[in-house]
């Protein structure tokens, strides 16, 4: 009844290669964007602390709300097509994609990290203060490590959820997995099979991300494993 | 007033409110260097709040607190300076769960005292030996019993070489069989001549170690006497009731 | 409406905003369809997931897992581009987009709802069983009323994901806010440069999402204070 022709994808060496390159590009763009997004997100979370100057706090808060309440495509098109004109600077679409991913991820991460920071037990803060800690050391050495450990699972699932939206970078010509799919289906007209295969690739890559990130957990937070 | 005295802590006419509710009323208390004070009283009497004001964990609205000849007040520039001289042990231990026992003792020395790692480690081990758990140094707090955790907390505070130690109900969160190991550590510390202020219901400890027992009720100090006096002949009705309940 | 916009913003921007506003209704329709459709399917899956029958539970788990793991973009491509080619049928973009978003929404909503159901203490189930209630009576009269209260804030919050998700439907030619925004940006007209038009489009989405975000947060706060 169904006439699946997956071999229409495998038979061409070019198609397979495009898929591999696409997967590679998706992987590293998401990873690097994710890492920078995490750093920026941590900063944004810290900027929302009560002790920060109110203007800066408001700025961080607005940024997070704007990103979280607008779609990634819009942000990406703005970064890729709007920002270069606005700033009168030129950069590659790769840089745009990376920037868009970073800016997008950071807002979601910051919200999660902030919830971790907010849930720091009062006793931890009092203990650090009673030992003579200054705020800066308290945040860096006590609050942040504990908060990150607590929200790590949420960060991982958010990261994977966001990874699944990165296919949109193909829209600005980044040769990622989705781009590879379009490339192939434009040539073999087997859209159905191609996107099924693509879905499987995305799924296995999410799986791989989860595996890697959960593997890092023990290394990153050794105290947790010992409980 | 500013010349050095041998008073560790001086509290004068101190009042504190939470919003409209007055938690501490007209507190006057002088604690000399090397004195061991036990503060007791029913829950909600303000005893924890009182000692938390001493290292500026809480602010007070009226009166004056002087710790080691430094005025402690709301808005003071550098509360860290006074906190280094005042160690504190909490009811719920408050060890840093993400650091090993050893690092719990080392990190504050690095960050606050600015010591180097080798020196800090040496000090940490000295005090862990003193509280008799050097063998647990590389474990995480969650792997230790409550009594062990509290002893680490004491060691961590001592690593900062404080001149005064505050204990905020250090044995209240412990299983009964672990109370004594912590009290023994405190007794030993008392014998070493440390100035100690302990909020505790452990009257055995008070009898053995305290120079004075202070009884608080409803935010006021209503008795300030030697342990013998306090146990044998409490002046106030509330103190009698309290002793009746606790002994 | 466009006349009013023209009188405020002038011919050019008034027209542009009119077009975008008109396109926004299609974003809203798609969001609502996905939310209602996804809600219904999600409800069925939630019930299956906690039902006494193991095969049904397994089926629901697989459904939820599958549609949470597959990118929404791929669902859109499969339904909007793949299915028409493979089955030689005509699938209008609105249908493909509605089905894709419904599947996406249902999987996430049933996950949220299952979490809410699971947060109800076991004793509540046992209490119902003890007085002779069947599974469905127990669920409807005892468990669901409590779970709904817990689930509402995140359900409202997920509505934002749905709205943002609809912005991908332009890829399969669904005529929504995003598609028109992109068309205008591509028009090369003065005053419709990408750095003007995309922030405006973003603002439209923000206007849809932000109130929901506030509502969700408000409901969550209220829930937390009630539970205290």
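Details
First chain written, first letter: the chains are A, B and C, and each begins at residue 1.
In the analysis below, a residue touches a chain if its C-beta (ideal position, glycine included) is under 8 Å from a C-beta of that chain, and two chains touch if they have at least 3 such contacts.
Note that this is a predicted model, so its numbers are computed, not measured.
Counting only chains that touch, the fewest steps needed to get from subunit A to subunit B is 1.
Measuring from the average of all protein CA coordinates, the nearest chain centre is that of A.
Ranked by C-beta contact pairs, the top pair of chains is A-C. Centroid to centroid, with C-alpha atoms defining each point, subunit A and subunit B lie 46 Å apart.
Centre-to-centre separation between subunit B and subunit C, using Cα means, comes to 55 Å. Once the centre of each chain is set as its mean CA position, subunit A and subunit C turn out to be 21 Å apart.
Residues of subunit C in contact with two or more other chains: none. Partner subunit C is touched in their complex by these residues of subunit A: 2-3, 65-66, 68-75, 77-78, 81-83, 85-86, 164-165, 167-168, 171, 178, 181, 185, 189-196, 198-199, 202-203, 206.
Note for the complex: subunit B touches subunit A at residues 55, 57, 79-81, 83-84, 86-88, 90, 92, 94-100, 107-108, 111-113, 139-140, 142-143, 153, 156-157, 160. By the touch criterion stated above, subunit A contacts subunit B in their complex at residues 121, 123-124, 126-134, 137, 141-142, 145-146, 149, 221-223, 226-227. Contact residues of subunit C toward subunit A in the complex are 69-75, 77-78, 81-83, 85-86, 160, 163-165, 167-168, 170-171, 178, 181-182, 185, 193-199, 201-202, 205-206, 209-210, 213.
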